[in-house]
Structure formats: structure tokens, C-alpha cells
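I have placed the structure first, in the form of C-alpha cells, so that the comments after it can refer back to it.
Chain IDs A, B, C and D follow the sequence of writing; residue 1 opens each chain.
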């Protein structure tokens, strides 16, 4: 029984991690922390946890968490994680960080997140926690940079076609649509029901901070530099990301062949589902699951790939637990199906 | 052409007043103010106003507004209105206040809104702006206390039955359901999409600050003291209030007779629609209109009355303009149909 | 390992039963049937089931289901269940029927559902499957009439106060608000997104077919005839029922005392949660759980009780599994937490 | 006062036409027809019309409509319009058809809509009713093929860049997101609230019947053949289309220059609004308006254009009335602002 802690347990992502861990048969949650008015049972905050996890959530005390847990999930805002991660690592703990702090080289991080990186030592040791690409490294890692939600939905759908040299890499366009929890649990006017409901908008067109993360990972699967066009949109629903990704084929290819390439790339992945020819994924089939569903359309020299994930599960908390399962030698599906 | 100003033009209610006034053929908007970062065209904030109202919205300057307008709408938070209303009144302006500041006696106001009333002089002169009950007084008023949204939906549905002595007044229960804009344009976590969507709750059960307003007005139509049970609920939709109101009949009565009583009480009201027997109102039929739709069910010695309004129109901005139309001698429907 | 079948597996309720059973450690799903174009894996219809239940769903063949299963869930429309239940019972199977067919005496059934009851033999043997009231009978039952969703939310909140003689039984009013899945998976214009979204309505005021069921059960806990006023409303959300129930107290009582009475009535119920004084339940805390959350407000001689359930879980599929757990001697919480 | 009829007045589009015409100062609605159980006041079906239009809606009687009206709106399904249009035209009426029946050459129509065209005589005379491109022809037309909703949102955003030779025409990708009313008022399971809410999907990827219409119109503004990639998506909201359109620039260009090109192409269009640099449109700013809002982002050799319309207004009913205004010599904005 591995002892785990969740730091930042009251955001949408933290709440989801706790929910998954509470049904996990190989771990025991031993510490929960967050910015709270006063220590409070997590099951009082999130009553669906009652009887599953009744631990008290309190302000972070690093010594306490270090004493209580072997592995720590950091569900913290960007720039905050890198203040705490080194302390847990120094104490010999495994750390799975859900922020962006350990995903990018220091210079790229500074450019896109507007802050100097203050833990460059550990940055070099962090493993990008996308199991479908880096399972072997994850096994041995002590610090995981858990991928962003948009990158997960896009990289999983694009990497096989790039790796197999089926598509041109200089013309990739990713048009992503996300539910509102992707923006976090926040009291912002722009996230209020009256502003989001019956509305729809694109934002940060080709300037979203997840773009360098996507480019970095897609470039790694080929010898070429990949620089996609990326447009995120905010959709009036709670959970889910659907990414529609447009490619130019390098040569003639059928949907059948592309599907075959996907299945070859993901021969036994527990959380990747390639749709049969003619079928497309939809959000409701992945909500509250750790699946990434991928559908393929070919039209002339164009391929349109549609991928669906739950932004809080495969896009955050579920993938974090998948990483933990790999790091700890558990069944990779434990807690997730 | 009457010159009008809107103070607090950027809230949901203020925006709605401007939209209605922009299509009103007897008035000219001459000043708009709100708490803004910098002066900005109202049509830039609310692009649907483009070509209809391109006035600049700026921080409130009382002298400027006084110079520009004959009549002032105050779409301000409670306790703020009573700081400004006396100044406009002193300058001879007509004032329609959409806050609660002039609806209740000072002692009742203090009890329910937690603040001493600082403009008791004008409080005594204010007319409660429910045209269906006080049209004659509204005609001559210089200060209107525009009714609350819940009170409008409940008083209009209950007053006829109380007035005609059809129902017992000690057993009235109002169960109201409101869209989210009723809470105002605010960046609160409790109003965020992720918290409101796919959720439903009751709040302030029998303790909502609109209760004394409802009781006061219903008591006035009879010789008895009315003290209702009132439960508001927050519904995942933008606009609309549906109130389901439960009465005990004083004697046997049919739905037909109750409908007749309603039609007698509202012989020519432009914005009251009594549904035929067997029919019930729904929110979509009143959204963006100034109508109050009322349906009647009788079952044994019980009457269930369902009333629907748009909380921003008949429940706020539309009723405010209706009051203005009455005060200024315009067609009461101008701008509203 | 008990072998179970689900007849009607593709409606919202049937889908939910399969999802719960798929994670249940004491049963094995051995047959799934529904009206389908062609036999098809249930996990192809509902991809979130993949890897959890890959059984083929086919047209109902009674002999096949009888051969395969020890216990049968009937998630069928009213009037259809009573055609099949007797056959399964005759074959010695346990049956949990989620329709209304076995909840009411034949005459009452005929009046409210407009059809003669064709299985009166078994009707007399059916046990009303509300574990909190009938656990002992359920243990020994071979035919369960699983309660309606509205009745579950109302009976659980009203029975304790009636049983303890705290409230008057001739003045009870239940105002219920339900998500759209309560109406079933159907292609009706009235259930289409464009008609339901941004809308709200009351329907079948005091004439809903769940009313006699509520009255029957509440009358049984006292010596008096209970005849409530009941108004259901349709809310633009997928799942959940919130019932606001109004009572007149028989004598002076505090919220504290009522809460005490509830806790006395439900001393160890695994799925009833009584909120502490001052707190009210909300739908998001019960969605996808089998809990019924109950909050209490007292105001003068009035009590307002707010109860929340998930209409598909405690209001249908979850309660059906809870009944199965009791019938089969499993931990009552198995599959449900 | 021009006399107008609406055939198909009870669909979402028909309802919207009636609402707009009811506030139009130059026309009088003289006939309304639809498939109805019995003749019924349109204001009983759509209560927000009360006092604005109380005409009776009845089954179509061509002689009656011909006698009553000078101009006929056909808000009918595809393949139905072409049965009726020739009769009204023969009687000398002007016809504005909102179906696809007169938008494409007969062969293309047959390919994409699966039916032989039965009114090829009039097909040749129809004018494609996009005022921003064909105002002069519309003035003299007697038969208007009112554009589809997706095509309107895409053509208006793409035509200026193609015409000015700023972008490559062989790499255009349009990713469109539509509210649910775009699918019509229908009782289909796939449009039910429970299936659409909290869901999102792409459909008919590059195979939607609006694609040949878009290609045809974009090809006409250049000498080259345009063949876009087009993916529509269904969004859980009632109204609105947002199209995100991706172009490769032919040479280096800034957002400023593209905005300038748009403003040059649309020098005085009453319903086109080009956003300033750095700003993007959103659905809530165009809902219930006839505006098409267009925002521009340039990134390297890529341009991303975002356009927003209300699918029922500029995408259907509003544009139809705009066409009528042009045909009849009215102020083009009448009824629409």
C-alpha cells in the first residue's frame, strides 16, 4: 500500500485526483492540503466522497506531508509547483506535478509563462508523463511533468501520423474545443454562468501557452521541427476536450491505412481507442473516463483526425494516476476503469 | 423627447435598460455611467447595441448626469442607490431606482439589508413601481422603487386571489426558480459555470430579503397580515423566474372561477396574460418580453398558481421602462413590445 | 457470483444499471436485451463500458435470459413489464422491476396508467423496493417494485416527520424539480435541446402518476390518509431531482429537533445523509451517487425539507441494485460507492 | 405596405421570420401556413408574438396565399420548396426560399441532396441571396436562394481574402461550430437534451451538404477553383455559429493589412463588423442580431479568421428579410436593428 498526498486538493483537478485515488486498491491517501479557511474533511467539501475519503484537508505543511506520504501529487497553479516540488524530491518522495512547471526548458518556460524558472536542477530530470510515448522513462522517474489537457488530446492524435511519416509536418492545424473546468475552479466574471452559457468563443489564437508543449513533443517523434497552428475554444459544457486536427498527407492514403497506422503505433494501449472507419468519437463517451478516443477521416490529400478526452481525467487527474501506476508497478488501469 | 440617463449601465439590468431605451421612440439616452477602467462606448462593451446606442459610458459624475438628463435610472447595488438618489431628486430629476433601497420602511430595510437607511426623507415619497397595483400613484411619482424580480412574479400571481378573498392568507407558499442573471454580473465562484451548470439548489429558505417586500405588498391588498413561506432556487439557465404558488381556497372554487377572478382583477393589463384553463406558462414564452404569464390549477381545496416572467425584463429593466412610460405619459407598451 | 440480466439495457436507466453492475464484485452480467436493429456489443453503444462489459445486447428471448440469469432487472416502460415479469417469476427467477407496474393496487394502477393490470397474481406478492422502509420484506422478496424517482425523493424526506407525528398530514406540498433524463431516452420534440434548454416549466400539476404512489407509501407510515399536493417541474440539466417539501408543524419544534427525528428514523442508513443545521443539499453532491441528501429548515410553524437524489441512481438504477444487494445478502453498498 | 406570407411558419426559421416581420414597418403579414393539427393563432403557438402578430396559421392553400401576398417566404425542408416555388412565381409573386433547392446547379444538387431537381426552369433564374456579394442582382430578382447558415459564416469571412488574392485557395480549412437550432425543430433522439447537453461532436466531416455551396461561391470570387476542407460541430447551445477559418498567406501580411482588406471589401455593409486588431468575436454579441462579426489573427504565413453569426438570423431569417428589403427598395436595416 503506497501512501500518497494531494497538494491542491480543492481545485477541479485535485478533487478528481482524490476521487480516483479513493477507489484505487493499491494506495492510501494520507495527506490532503489546499488553501482553506480552516481544516475541513474533504468529504464535507465534496460530499460524493463521503465514506470513500474522510481525510481532513488543511493548509500545506511540507514536513507533515513529507512524513505522511511516499508520493505527492501537486495540483497547483503554474509557478507555484516549482516552489514545493524540490522540497518533496529532496526528501526522497516521488512527485507528479500537474502544473506546467516541469514540461518545458527554462527559456521556453520563461517566454510563455512569464517567469524565471527557479528549479532548473530538477527540470532536467523531469519526465513528460505521457505514458503512450514515455512509458519506460516514467517507470524510473521520480518527477513527472504531467501533460496539459490540450497537448494530451493533440499529441496522441498527431504523433502516430508524424512518426510514420504519413503527413506533412509544416501544415498541421489543431482546432480544440474545451469545457469550462479546463480553466480551473475560479471566481472570474469571464467564467460565470451568465457569460459562458449560450456563448462560444476562440481565445489566444496560436498564442496559447500549450502550443510550445505540443510542438516540443511532436518534434521529438520526428527529425523535423513541428510548428502547429493551434486555436482553443471555450464551450458551454463542464468537461471534455474535442480536438479536430487537420493534416496534409504526404502521399495517397486511405482512412483504412491511417487507422492501421494508429493501431500499429498503439498496439496495446489501455486508454487509446481508435474508432472504426466511418465512426467519429464524441465527448459523452469519454466523460469521466481515462480514454482518448480517436476518429479518422481522409478526403483527397487531407486527413482530419478528431480526438476526444475528458480534460480532468486523461487531460489531468486520470493521466496523473496512470503515471503513478506505472511508477509504482501497479496495473496501469487500476483506479481508472 | 425625454432625456434619460442610466447609472450602472454595465450590469445585466443596466445593459437591458439601455437595450430597451435604445428602441424607445419617445426618449433619448443622454448619459451612461458605470464603474469602468476608462470611458468606453457602450456599443463596444455590448456589440449588439451597435448602431442603436453608441454613447460613451463613463464613471458617474452627478453634475454631468444632472445636466444631461430629465430622468435617471439607477441600476445600482443595494445601499448604493440611496447615496445618489437624493442628489438627482434635489436637482428636480425623476428617479427610477432598481435597487431595494426605497421599497421598505427604514426599520424593515435595516433588518433585512443590514444597513441604516440614509435617505429617509425620500423613502416616504417613493412609490412602489408595480403598475398593475399602483398605476395612478406612479403617474405622479418622482421617485419609483422598482420591484424585485421574485416579488414581481409572486405579487402579480397572488394579489388577485387575496384581494377577492378567494384564498386563505395564512397558508401561502411560494416556491420560486430563477435563472442565474438574477444574481447580477459578478465574478463569484458560486456563480461560475462549473458550479452552476448541471446543478440545482435552494437557498435562503424563508430568509431571502425579497420576503418582506412580498409580504408588505400582499398585506396591502387585504386587511390581514400576509406572511408567506418563500423558497428561491437557482436554475442553470440565463434568464427567467418561474414561481409556483400554493394556496388553500376559502371555499370551493373551480379553475374557471379563479381565471375569471384574475381577468377581472387585470381587465386591460398590457403585460399580464392569464392562461386558459388546462394550460400552464413556461419560461421560453416570456424570455426577453415584459409579460407575466399566469396559469391556474385547482385541485380540491387547493389552488396552484404558476407565474413566469423574465427576471431582467418584467422583473427589472422592462418594468422600470413601463414605469417611465407611465410617469411620462407615453404609451405604456412603448419600447416593450 | 450471482448471474444477472438486464432487460431494456439501452434506456437511460438500463444503461445505468449495466454501469453499476459492471463494477459490482458479486455479480456477473450474463444477458442484456433491448429493442435493437441488430445484436451489438453494449460497449459499442456505450463506449464508457469498454473493458467493463462487452456483452452483446440483443432482442429479448425469454428462454435465453431465463437460462442465463438468476435475477432479472426489467428496465421497461410501464405496461410492458407486466407482460414479462410473470414468465421470469414462473421460471423461479428473482425480478426487480423498474416500471410502475407492481407499485399500486390494480384499480389504482388502472386509473393512473390507463390500462388494466394483467398480472394481478404477482402484484399481490410484489414488495415496494424502498430499503429504508421495507428492508426486511425486500430480503425475502422475489419480485421488487422499484420506486419511482419523484416518490423516492419525497417519501424519504417526508416519512420520518409523518411517522414521528411531527407534522400535519393534510397540508403537505411537494414541489419537485427534475433533470431531463427522468423522461427517458426518447426522440420527442418536447425533450429536444432547443425546447428544453433555457426553458423551465411545471407539468401535470397534482395529476402526475407518481402522486398515488407517494400517497400510498406515506399513508402506510401513519394511521391517517395522506394526500399531498405535488408539482413536478422540468429543469435544463441531465440528472437529478430536488424536492422542496412544505409541512405545517403540529407543535413548536426546532430544526435541531427535526434533524434529530430524521437521524433517529435513519440510524444507520448507508445512503441517507441528513445535513447539519443551516446547511442545504444540492444536486451536484449527489449526481452519480446513490445518496439521498436531506436538509431541514424550520420557520415558525412551518418546516421546509429539501431532498436531493440522482434520478437515475437512487431514483432508479442505484436503488434497484441496492435492492438486489439486500435480496442476495451482499453488502448493501456494493457497486454503489 | 408590401403584403407577405410565410410558408412553414412553425419551424425555428419560420418563427424567426415572423418575429422579424412583425416589427417591420413596411410590410404586413397576410398569410401564415404550416403543417398544423388545426388552424391556430401564431401567437398562441409562440406567445412572445402576442400583440405583434395574431394571424391564424393554417395548412398551406396555394390559392389563398397567392391571393393574400405579394412576396412569399418559403421556410420549408429541402426538396419541398421546389414543389411550391414555381406556383408562386407563376402567379407573379416574389419568392425568398430558405431551403437549399435553388442554390446549386441541378447536377450538384442531385449529388448532395439525393433528389432530381424538378424545377430547373426557375433554378437558372434564382439569385444567391448573399447581399454583400450580390446586392445588385438581388434588387432585380424574383426568386432568391437564401444562403445556408454555415456558408454565410464562411463565405463572408473568406471572400475578401480570396478576392484580394491574399491567401492560397487550395489550403483553406473551415472548422465550424453550430448551436442546436441549426438542425431544425425536430423530435429526434440525436437532438434530445439528454444526448446533446454536456456533449460535443464533429459530424459529416468534409461531407456536409453545405460544402458545395461554399465552394461554388468562393470559386466565383476568383478565377480559381476553391475546394475547402469543412468540418461542422454540434455545440450544446441554442443559437449561433462560430467558424474558425485557416488560410495560408500568399505573401507576408500583417493582421492590420488583412483588416484593411476586409474593410475595403465591405466599405459600408450594414451587417458586417470587422473587429479591431487583437479582438475576437463571440457568439453572445451576435445572438438575435443580423450581424456577422469577423476577427483576424495573423501568425507567420498563416491567417486565422473567426466569424460569428446567429444561425437563425444572419444565417437564415434575418438574411431573408435583408434580401426582401433590397428587393422591395426598403432601408436594408428595417426590422433588423
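The criterion applied here is as follows: a residue touches a chain if its C-beta (ideal position, glycine included) is under 8 Å from a C-beta of that chain, and two chains touch if they have at least 3 such contacts.
These numbers come from a predicted model, not from an experiment.
If you compare A-C with A-D, the chain pair joined by more contacting C-beta pairs is A-D. Summarising the inter-chain layout, the chain whose CA centre lies farthest from the centre of chain D is C. Rotation angle for the C-alpha superposition of chain A on chain B: 180 degrees, rounded in steps of 5. Between chain A and chain B the centroid-to-centroid distance comes to 46 Å (mean Cα coordinates, whole Å).
Separating the centre of chain A from that of chain C, both taken as means of CA atoms, is a distance of 37 Å. Inter-chain centre distance (chain A to chain D, centres taken as mean C-alpha positions): 39 Å. Taken residue by residue, chain B touches two or more other chains at 195, 197-198, 236-238, 287, whereas all remaining positions touch fewer. On the chain A side of its complex with chain D, the touching residues are 171, 173, 175, 177, 195, 197-203, 205-207, 229, 231, 233, 235-240, 242, 244, 246, 248, 280-284, 287, 295, 297, 299, 302, 304, 306, 308.
Those residues of chain B lying in contact with chain D across their complex are 46-48, 50-52, 198, 270, 273, 285-289, 291, 293, 333, 337. Considering their complex, residues 12, 180-181, 185-198, 236-238 of chain B touch chain A.
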